[in-house]
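Here come two complexes built around chain A, the first alongside chain B, the second alongside chain C.
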Partner chain A sequence: MYNKNNTLFIYCVFYFAFLYIPVLLLPIFSFNDSFHMVFPLKGFTFDWYIQMWNKSRLHQALFNSIKVGIIASVVSTFIALFAAKAFTRYKVKFHGLSYGAILLPFIIPEIIIAVALIVIWTSMGLKLGLIPVTISHILFCTPFCMLILISRMEGFDKSLEEASMDLGENSFWTFWRVTFPLLLPGIIASLLLAFVISFDEFILAFFLSSSDQTLPIYMWSQLRFPKKFPHILALGAIIIIVTSLIVMTAYWLRNLGQGKKKDFSIGI
Partner chain B sequence: MSSTLQNIYFRSDQAKAYTLLSPALILVIFAMAAPMIVMIFTSFNTQISMIEIDRTFTTGRYEDFFSKPIFSMLLFRSVKISFFVTLLTLLTTYPLAYYIAFYVKKNKMLWIVLMTLPFWTSYLLRVFSWRVILGNKGVINSALMGTGMIDEPLGFLLYNQAAVIITLSHAWAAFAILPLYVSLDKIDKSLLEASYDLGNTKFETFWRVTFPLSLPGVIGAILIIFIPTVGDYVTPQLVGGTDGRMLSNMIQSLFGRANNFPLGAASAVLMLTTVCLVAALVTYITKKVSMRMS
Partner chain C sequence: MRTKNYIKIKNLSKSFGDVEVLKNINLEVEEGEFFSLLGPSGCGKTTLLRILAGFEYPSEGEVFFDDANVTSLPPNLRPSNMVFQNYAIFPHINVQRNIEFGLRKENLSKAEMGERVENALKMVQLEGYENRYSNQLSGGQRQRIALARALVKQPKVLLLDEPLGALDKKLREEMQIELRNLQKSLGITFIFVTHDQEEAMTMSDRIAVMDEGNILQVSPPREIYHNPKNKFVSQFIGNINILDADLKSIANDIISISVDGFGLMQLKNHQNIIESDQVNIAIRPEEINISKVSDSKYDCNFKGKVKNISFYGESTYFYIQLDNSEKILMVSTNESKETFSENDNCFVNFNSTNLKIIKD
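Here is the complex of A and B:
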C-alpha cells in the first residue's frame, strides 16, 4: 500500500536541494577569488583562509564563544540532569506548571529575554559583557538539554536501579555506578548540542555582550563591509563543517544503546 | 542512624522531586521571571537622558506605542509574517514528513538527520546566504541573466516581506519536520488499512484518518514556529529591507541608537502579550476541533 510514491520522492529531492543549497553556497564562495559573491566563479584561492588566520579580533571572539559555550553547556546540562531526573522518576505535583516554566525560555521569542535581561542588568548598575551572555545562554540551553535527557531516561530500565538498591548500594553509588554510565551518551549529546546552540546564538549576545564580542557578533560586524567579507565565508565554511560533525556525533550518541527505540519527538 | 526529620524528608517523593527541580526553577525565576517583571516595571518609566531613567509611574510609553502608527504597524506585520512563515513551513514540510513516515522503510534515522542538520549550522550565515541567492547580483539573477532569460536583474526578489518569509521558512523547517514526522510515524497502520477496507479512497483516508491523527504534530509545529519567529531580528535585518522590517528591529534600535529603554521594554511587553494571545487562541481552536472530531 505504501510502497512507492514517485511524486513525493521527487518533491523530497527538491526540498532537500532547497534546504542544502543556501548552506553549501558559502563554502563554495569561500574558495572564490573575488570580493563579490556572484556567479560565475572567478578562480580558486586559499587567500580568505589565510586572511582569517591573521585576524586577532576574530581569535578573541572565537575564544569568547568557546568560553561561553563550555560554561553554558556544562551548567545547563547539569541543571537539566536534575530536572530530567525529577520528571522521569517522580510524579511531580504541579508537573505541567514546572515543566512549562522550564521549557518557556526555549519557546518565547529570544528578543524578549534579551530585553528583560538588559533592562534588569543595567538597572542594577552592572556592566554588560560575557557574564550576562553566559547566564542567558544557560537559560536558553537548559530546556533543550532537559528534553534530550528526559528522552534518554525514558528509554531506560528502572529495574537496573532497583536491583542496585536491593544489592545494598545507597542512592549516591547507584547513581554513580548504574545510572550515570547508562545516561552518559545522553549527557555527552546534551553537552555537545548545548555547546553548538550557545556557539551559534546571536540575539542574546547581541544585546548583552557590549564590547566583548562572541563569534556571531564578530561575523555580524563584518557583514556590512564587502572587502572584509570573504574571510567570514572561510570562517563560515569551517563552522559549518565542525558543527555538522559535532551534531552527527551527538545524534549517534543519543541513539547509542537505545536499541530499536528511536524517538525524535523530544529535543532536536 | 539519621534523625527522624531527615527520614521524613527523604521519604517524601515530592520533597525529593523539588530538590532536584530547584536549580532549574531558580534559574527560570532569577534569569527569566525576575528580569521580565523588571522589564514590565521599566515599561512604565521614562528615559530622561542617555543613562538616566525616571522611575515615576506613567503609561506614557504605551501611549507612545499606540499613538505612533509605525509601532502598531510593525507589530501587526511581525504577526502577519510569522503567520505566513508558519503556513508555508507546514505546507512544504508536511509532504516530506509524510513521505519519511510512510514510504521510507530503511534508514529513517538518516533521513531525519539529513533533514535537520542544516538547522544546526550557523543561523546567521544561512540567513546571509539568502541575501546572496536573492540579491541583484545574486545567484538567481546571475543565472537568469547568464541564460539570457532576463536582461536586467529582478529587483523584487530581495528586501521585502516575501524574502523574509522564504528565509524564515527555510531556517525553521526542522522545527516542523520533527513534530510532524513523530505524529505521523505514531499512527497505527492498521487504522489506515481499516479505512481502505471500508472503501475509502487514498485521499479520503488521508483526510479522515491520517490528517486528524497528525494534528498534535501540526499544533506543535505551529506553536514552535509561530511564537519565536514573531521576535526574529536577523532575517528582517538582512533580507527584509524597509518593507520587511519587523518590531524586533525597532526594539533593537530603541536599545541602541534611539536609546529609549522604557519604550523598548513596552514594545517587548506588547510583543509578549500578542504572542501569548495567539498561543492561547491556537490551543483553544485545537481543543474545539479535536472535540468535534472525536
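Here is the complex of A and C:
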C-alpha cells in the first residue's frame, strides 16, 4: 500500500525553498523602484534594465567573459577528450598516478593556482590580462570535462568501435563515425559545464585579469557603489534566465537524434 | 569434391601477461565450411576468433587467409566480418545506415546502395525495418541486423561470437536452422564460437573441441559423438557413462581390460591404444537397453536396480545401480515396452562393440 509521508513532503518543500528563494529575490528586486534591497517593495520599474543596457564597461566585461568562456571550454573539452580516450581505451603507464595528477586542480585551492600563475606570468615579463585568465580557466576546467567524458566513454560498449573496424573503417573514421557521435551528448555537456565554470569564476580572474575585467569582477567592483547596485540585480536576473535556457537547450539537444533512447544522460 | 583450406592457423600461441590462453594451435578450415569452436568458458575459443578477426594479435604463430599471411593485418583490411555476441548495433543511426556502414568505400550509387541494403534485409527476413533504431528492435531482430550488416560486405569468412547466446530456446533453435540454411546458400566459410554442444552439433560441418587453450579434437559432429578422442570430449558432447577400467594386456589387436561393474572384457583395439595408456570405458545412455529379464540379443547383460527415473518427453532416462559396483549407469530409451518404477530390479543389456575405449 502506498503510504503518504507528510514529513518527507514538508522536508522537500523546505529544501527547495532553501535552494531557490534567495535566487528568486534577485529578479524580484531587479524590478523594484528603490536602491535598497529591502521589503516592502516600492514600485515597478524597468529603469535598472535600461541603466544596465547603457553601461559600456558592462558590455566589455560581458564580451570578455564570453570570449574567455568559449576558448576555455573548447580547449579543455578537447584536451579532456583525448585524455578520456587514453584512460578508457589504452593501457596507460602509471594509470593511477597520471589520473590523479590530471584531477589534481580539483583539490588545489584556486587561490594557490592563482598565486602560482601570477608569479610565473610576471617573472616571464608578460603582461597580465585575458590570456593568463583563459589559460588558468583551461587548467581549472579540464578535470571537470575529463570526469564527464570518461564516464561517458566507459558507458558505451567497446565492441561498437570494434564493429566499425571490422566493417572496414580505420581508427580515424571509427572515431568520427562511431565514437564522436556517441560521445556528442557528453561533449556538449562538457562544453556547457566548462563555459559555466569559466563564466562565473572569480578568484583566478581577480588575480590575473589586471584591467581587463570579466563579468564577475565587474559585478564585484560595482558593489562598492550603492547607487550602482540595482543594475547588478538586473544583470543577475538575466544571467539566471540565460543559464536556464542553456541547460534546457542542452537537454533538448541530448534527446535529438537518439531515437527514443532515454539512457543517454548529460551528466552535468 | 575437393575443397581447399581457406583458413590456416600455424603454431599459434597467445598469452595475456603470464596467462597462456592459446597453446600451439594448428588448424585448417575449408572454404565454405561451417566450422564451430566449442568449449567451456575460458577455453580460449573467443580469443582465437578475435585473432582471426584481427582484434588480438598472436604472441606466436601465423594466420593465413587463402594463402595470404594476415597475422599482422588490422581488422579493417581483412576479408572477414564478425557478428558480435552483443550484436554491437550502432545506437545513433537507424537500421538502414547500420547496414550501409561498411559500404562507404565501395562508392555505390544511391540506388545500388539501396538495393544492397534491401537484399540484405530480405536475406534476414526483416524487410521494412530500415528506419528503426537499435532500441526499437528485439534481441532476435538485432541479431538478424548484425548478420545483415556483416553479410552485406560479402565477406569470405563470417565470424560469429556466440550470436545465439542471448536468445530464448525456441528462437535459438529457429535461428540455428536459419543460419545453417543461409550459410549453405551463400557458401561462405562460417567460424562459429559456442559453448552449447547441441548448437555446435546441429549446425556444423566440423567441430573443434577446445579446453584450456588446446584443441582436443577436430571432427564432424557424428565422429565426435561416436568416437570421442578423450574423456573431456566425450563428457562435453552429450551424455555418457564413464567407467573406470584397468588395462591388462594387448594381444593381436584385442585388448583385455577389467571394467568397473562389467568385469574382465575383450575389446577390439580401434584407436591404437598401447599398454601404458590410462584408459576409461565409455558408453552412451541410448546404446544401453533396459529389461526385466536378461536378453540374449545382447552379449552383455548385467543385473541392477532402478534408482531414479527422469522423463523428458521424447526420451526417458533411467539411473541404474549395478549390483556389483558403486557405479550408477545412465540408460535412455525413447519408449520402453516394459514399465519400470523406482527400486525395481532390472537388467541392463548392450553389445560390447558399443563400448568405447577412451584415453584419459
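The definition used in the following text is that the second predicted complex is superposed on the first by the 241 of 268 C-alpha atoms of A that agree within 3 Å, B and C clash if a C-alpha of one lies under 4 Å from a C-alpha of the other, contacts with A are read in each partner's own complex, and residues count from 1 in each chain.
FYI, a contact is a pair of C-beta atoms (placed from the backbone, for glycine too) under 8 Å apart; a residue touches a chain by one contact, two chains touch by 3 or more.
Note that the structure is predicted; figures quoted are calculated from it, not measured.
Colleague: Answer with first, second, both or neither: which of chain B and chain C does A:Asn5 touch in the superposed model?
Modeller: The answer is first: A:Asn5 touches chain B but not chain C.
Colleague: Please tell me which partner, chain B or chain C, touches more residues of chain A.
Modeller: Partner with more touched residues of chain A: B.
Colleague: Tell me the contact category for A:Glu169 with respect to chain B and chain C: first, second, both or neither.
Modeller: So A:Glu169 only meets chain C here.
Colleague: Could you tell me if A:Leu160 is touching chain B, chain C, both of them or neither one (first, second, both, neither)?
Modeller: A:Leu160 sits against chain C, while chain B stays out of touch.
Colleague: Return the residues of chain A at which the contacts from chain B and from chain C coincide.
Modeller: none
Colleague: Help me check something: in the complex, which residues belonging to chain A touch chain B?
Modeller: 1-5, 8-9, 11-12, 15-16, 18-23, 25-26, 29, 36-40, 78-80, 82-83, 85-87, 89-93, 98, 101-102, 104-105, 107-113, 115-123, 135-136, 138-139, 142, 146, 196, 200, 202-203, 206-207, 216, 219-220, 223, 236, 239-240, 243-244, 247-248, 251, 255, 262-265, 268
Colleague: Quick one: in the complex, what on chain A touches chain C?
Modeller: The contact residues of chain A facing chain C are 157, 159-160, 162-170, 173, 177-178, 181-182, 257-261.
Colleague: Using the touch rule from the top, collect the residues of chain B that touch chain A in their complex.
Modeller: Per the touch definition, chain B meets chain A at residues 13-14, 16-18, 20-25, 27-28, 31-32, 34-36, 38-39, 42, 53, 92-93, 95-96, 98-99, 102-103, 108-109, 112-126, 128-130, 132-133, 137-139, 142-143, 146, 170, 173-175, 178-179, 181-182, 192-193, 196, 223-224, 227-228, 230-234, 238, 248, 251-252, 255, 261, 264-265, 268, 271-272, 275.
Colleague: In the complex formed with chain A, which residues of chain C make contact?
Modeller: Against chain A, the touching part of chain C is residues 53-55, 74-76, 80-82, 84-86, 88, 90-94, 101-102, 104-105, 133-136, 149-150, 153.
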